[in-house]
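Read through the structures below before going on.
Note that chain A is present in both complexes that follow, paired respectively with chain B and with chain C.
So, the complex of A and B:
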């Protein structure tokens, strides 16, 4: 699993956010578009793209997109 | 003896909570995103003095009128709600009297949410098969809006109030009721819960409001839904439920002409549809006008599917309900 593909997948679930803002160190919670629906989209993306079950606690305990990436990688 | 669904009608309360109104209250919540992701444009909210029995009666009266049904033929009443009028008496008893049903009928309440309609059909089929009843009135009615905190934008966006009335009969209907599969896992109890109001935790008036990570405000007397956990639960169990259903009914997935799932929200439904690999044209969604109405979503969708002609020239359907409990169930319907 590759970080750039993951960042691209994450950018794809967003509707109104400039893809340039989506980086490894991005604090996803600070994105204006981040809400409960985006969290569900992230879980769906982890499931569809990586067959990984990401939990609400996984998201809660993460700060950056890299944290999420590492969790998915370790679970995959 | 075969059990058949003879007729369905439903009632939506007068007051409408539109996306515009939600947007006025929560300006940070993008209105187009709400409707495109949830698939919901408006929800109906029960009046302050309107409760589950009132809505149940309106749905049943509509059923009698719309389908020309003689109420004296009803010999059993099943009432599904999680927001009953009282602890006791049984709400179904109140409904019997107000609808003018015979005093010789059996009537009971049962407490289930999103799986409630499927379970109701199974109980009705059992009553018919056991020759205990011939015409069963199944009513699902829910006023979740009364549980939801006014500042809980997530739940306000998803849930609407409604009641649906269904007549299940030993006589021919528009479809016959096939086989069932069920599931229960209480480990999910705390993920969709109204904690206070029962015996264990009576309602407190000095609850402190808490705000979750997405800014939804609630306290322990309100409806709490852990959306991410519920999403994962459905992703894990619903595909297995459908697999089990197909095996039980001895059908292949291609044999199914139409799937009607509990209408939770469009986003989750599409995720499940893709996971189970159901083509879009075999997957019915109808919730834009009323939102997630808990146990009434499936009968409402069935009503709309019949109205749209979706049941013409098809043979096999599967309906599936899943949610609070956790509780889930599915059954196949054979179109006549």
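So, the complex of A and C:
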């Protein structure tokens, strides 16, 4: 899997966030749009695009989008 | 004093969680159980926990109604049926698709409804019998990510009301119960998508904390027994005070 595609997929689950803010080092929890539904969307996206079961604790233990990317990559 | 002495009671989804506890408590009150589930080992575990004897196991995957034929042909008339089989799926509406909708409804709604239909058509419900549908408090709320689960449970509660009306002339009652969060393996599934920290925070919204399977089983014993003979078409909330807030 490729980081840029992942970042694009992540940008796609958001509605009000400038895609330019979505980078490898972005602290996703600091995004204004981040909430529990976004977390569920991230889990659903990982399942749909990468067939990976991401957990709430995976998200909790991550800081940047790159951390999430690495978890998905390792589980994939 | 609630008793289910010598009542034949059918419980679906009895392999674990609330269904297992319903079977155990009913057996303690003297009922003869038929327990249904998909997993023989887990059903055997439930069976081993039942008081008294004369109980039966039926391994049936209720998500396919073709599997009902054997169940119906081997059934005795029932005094009570608890429609408890269900699954939970957390998914934002944005990510729904037809197959996901169908899979949740197949288990939570279709299986229970088709089973009730077959029991009625085959005259397997005794006069004075009681049907109980296990719905959910979420059917009255709007918790993000629970659309399909919630819709299927709301459909079940609505179905139960119509059934109550159609069966009243035969003296058969139908009610649903809508529990808040109960600690079971199924609700533990929430920890797949929500962190432990958030689950603990959510529990603080419950004045009496999260419930236990026995809390729901207690209410269902009341509905199965003759003590509740004047209650039909109701949907009973049991939620540790959650909706007070």
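We take it that the second predicted complex is superposed on the first by the 76 of 76 C-alpha atoms of A that agree within 3 Å, B and C clash if a C-alpha of one lies under 4 Å from a C-alpha of the other, contacts with A are read in each partner's own complex, and residues count from 1 in each chain.
Heads up, the rule we're going with is that contacts are C-beta pairs under 8 Å (C-beta built on N, C-alpha and C of every residue); 3 or more make two chains touch, one makes a residue touch a chain.
Since the model is a prediction, treat every value here as computed from it, not as a measurement.
*Asks:* Should the pairing of chain B and chain C on chain A count as a clash or a fit in the superposition?
*Replies:* Aligned on chain A, chain B and chain C clash with each other.
*Asks:* Now for A:60: first (chain B), second (chain C), both, or neither, which partner does it touch?
*Replies:* Both chain B and chain C are touched by A:60.
*Asks:* Could you say whether A:13 touches chain B, chain C, both of them, or neither, answering first, second, both or neither?
*Replies:* A:13 contacts chain C only, not chain B.
*Asks:* Touching A:70 in the superposition: chain B (first), chain C (second), both, neither?
*Replies:* neither
*Asks:* Which residues would you name on chain A as touching chain B in one complex and chain C in the other?
*Replies:* The answer is residues 36-37, 39-41, 43-44, 48, 53, 55-56, 59-60 of chain A.
*Asks:* In the complex formed with chain A, which residues of chain C make contact?
*Replies:* Touch list, chain C to chain A: 90-92, 94-95, 144-145, 191-198.
*Asks:* Given the complex with chain C, which residues does chain A contribute to the contact?
*Replies:* Residues in contact with chain C: 13, 36-37, 39-41, 43-45, 48, 53, 55-57, 59-60.
*Asks:* Along chain B, where are the residues that touch chain A in the complex?
*Replies:* My answer: residues 29-30, 33, 37-38, 154, 213-214, 216, 226-229, 231-232, 235-236, 267-268, 271, 274-275.
*Asks:* Touching chain B in the complex: which residues of chain A?
*Replies:* Touching chain B: residues 15-16, 29, 35-37, 39-41, 43-44, 47-48, 53, 55-56, 59-60 of chain A.
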